[in-house]
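One chain, chain A, links the two complexes that follow: it is found with chain B in the first and with chain C in the second.
Presenting the complex of A and B:
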């Protein structure tokens, strides 16, 4: 549990949370083993889960065969879940066996309903992080239109 | 041999297969649709799955007089159903809701409370519509509450005013609550411009612990003096919230928002579902209730949106009018819909936490609306 909290603390998204707030996030995160070839998020499918990478390599595939890999501890996958969006914007496939911390969108919604401060901090942070990532996702959308 | 045949015939005519009617089968399909929507589409699964299974339970045909049915004195189901008809379950749901709701977003921008109040227009317009369609005063008031998108309040008020319609009203209310992501977005897009949907909200101020502790006490006194008939619901809501914010009672708050609300949700869902026996449910009045419910919900959403636009005429710092749609309680789903529709225009615009303010004030607003109607009519 302590190791997992350390991983959460190291992520851009959660690093500004107070220890007690981090504790609450950790309580709804579940350590999950992932097998090579497993699909974590499916593009255009409902976004139900958010993941924090503990180990393993993962490929995020967007439209037009655009893709990048994620392998650093503490990187996040399935952002659409946090944004309460309806669908994922990328398909994420595990390239190797690994471990992730997994949180359901429903648990996250309940948590921010109980604790607005966590919700506000995470939403503000998500907004900034997504602004950085958005150009990548948008290129494919623009090319399509 | 004859005896054997007689026994066999007797056995066969006593089975549900022999007694089942097309009405039972229709209701079973409805139950299965509810279960499907809950499991496969994730539409309010914690409500739709128990209600859907309850509909199956309520539509297994049996001989009356065996003490099995929900409407038979002394049956297990009828005893469990007493929690609905006496209004105990809705009050306990409100206790749990209070213990799981952080009112900070509302305390930091109390002006957003007006959006929760505006969305209650749906209740009163549907009330008039139901009267026009020939329902009596009590029934019309109960049907109107569907527009509050607040299942427990709808059940509570129909238990008091129109007990014979609880099943229909509850099913309509929960169906529309589950369909929030389907019903609201087209209305939201229709009544707002792209420019309005792009409006960014200012970060709310930090709310102190002291403010959060005082809020349930002051809120309770103000709201219950305004609508004393809402006391069972609002009393429990604010009490639950006090348990949460007082910190020293965290153990009680934890029980209220987990064990209590989960147990009550199971009992409420199954018994409300079971109350929809085909012979009671499949009537023209039920269809009218469903039509009025949809209308009520649409009017409530539109009222919130339009009121937000009117507020913007007078405000220096404009609010995103999409927030108005969250005034129809249905916590937190309608706030989530606001977020989704807002993000379609600007993926980096996070409206969710701002939408929680009208959303939670919608819960208070619908309970007050119910209290006002009850005290006038009951």
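Presenting the complex of A and C:
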């Protein structure tokens, strides 16, 4: 549990949370083993889970077969889950065996409904972080419109 | 006297050269001032610039070390050769998900792991737009290293 909290604290998304808030996030996250070739998120399918990378290597495939890979501990996958009633914008494939912290969108929504301070902090932060992935998201936006 | 004297002593040409020098100077000065904000930006962000330089150096050192530490196993050598054939039949830059899909359909052994290795040793490099390139120089080096081991 302590190790998981340390990983959460190291992520850009959660680093500004207070220890008590971090505790609440850690409580709704589950450590999950991922196997090589496993699909974590499926593009255009409903987004139910959000992941924080503990170990392993992952490929995120967007529209027009654009892709980038994630190799670092603390990287986040399945961002769409943080926006209610949304679908995944990328297909995430595990390139190697690894471990992730997994949180369901439902649990997250319940948490921020009870604790709006956490919600505000995370939403403000996630907007900034998502800008990094904008070049990939833009393609799908253009195609949808 | 007068204009004739100016003409006789190449005065017109000298005046023209003088005007050109002054205007060139002014032009250079105005261009320098126009670009001054960039220099000031760099000065203000010197910490970030230094950080980027250090990061680049570290990345380069990491790459060199990764290549030194690389053991070209039989599996890696075979995978590199097989993927090379697949990549040659694709566009440049190519789409990584398509390469993975083709490799899976062809029944290549552990294509996901192979891609991870290729990314690590920078045999496959991102082009910054979501597509990837196959570094032929690294490919040749791996084969050479494989023969030497």
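What we mean here is this: the second predicted complex is superposed on the first by the 137 of 145 C-alpha atoms of A that agree within 3 Å, B and C clash if a C-alpha of one lies under 4 Å from a C-alpha of the other, contacts with A are read in each partner's own complex, and residues count from 1 in each chain.
Note that a residue touches a chain if its C-beta (ideal position, glycine included) is under 8 Å from a C-beta of that chain, and two chains touch if they have at least 3 such contacts.
Only a predicted model underlies this, so the values are computations on that prediction, with no experimental measurement involved.
**Q** Based on the superposition on chain A, does the combination of chain B and chain C result in a clash or a fit?
**A** fit
**Q** Determine, under the contact definition given at the top, whether A:27 touches first (chain B), second (chain C), both, or neither.
**A** It touches nothing on chain B or chain C.
**Q** Which of the two partners, first being chain B and second being chain C, lies in contact with A:110: first, second, both, or neither?
**A** First partner only.
**Q** Does the superposition put A:94 against chain B (first), chain C (second), both, or neither?
**A** second
**Q** Could you say whether A:130 touches chain B, chain C, both of them, or neither, answering first, second, both or neither?
**A** first
**Q** Please indicate which partner A:120 is in contact with in the superposed arrangement: first for chain B, second for chain C, both, or neither.
**A** It touches chain B, and chain C stays clear.
**Q** Which partner chains sit in contact with A:57 here, chain B, chain C, both or neither? Use first/second/both/neither.
**A** Once the two structures are laid over each other on A, A:57 reaches chain C alone.
**Q** In the superposed arrangement, does A:69 touch chain B (first), chain C (second), both or neither?
**A** The second partner, chain C, only.
**Q** Rounded to a multiple of 10, tell me what angle the C-alpha centres of chain B and chain C make at the one for chain A, in degrees.
**A** The three centres form an angle at chain A of 150 degrees.
**Q** Answer with first, second, both or neither: which of chain B and chain C does A:39 touch in the superposed model?
**A** Neither chain B nor chain C is touched by A:39.
**Q** Please give the least Cα distance, whole angstrom, that chain B and chain C reach in the superposed model.
**A** 20
**Q** Residue by residue on chain A, keep only those touching chain B in one complex and chain C in the other, then list them.
**A** none
**Q** Over in the complex, which chain A residues touch chain B? Could you list them?
**A** By the definition above, chain A touches chain B via 46, 48, 83-86, 106, 109-110, 112-117, 119-120, 123-124, 126-127, 130-131, 134.
**Q** Contact residues on chain B for chain A in the complex?
**A** Spelled out, the residues of chain B in touch with chain A are 42, 100-102, 104-105, 181, 203-204, 206-207, 244, 257, 331-332, 336, 339-340, 343, 347-350, 352-353, 356.
**Q** Note which residues of chain C are touching chain A in the complex, please.
**A** 95-98, 100, 110, 112-113, 115-116, 119, 126, 129-132
**Q** Given the complex with chain C, which residues does chain A contribute to the contact?
**A** Against chain C, the touching part of chain A is residues 36-37, 57, 59, 61-62, 64-69, 71, 91, 93-96, 135-136, 139.
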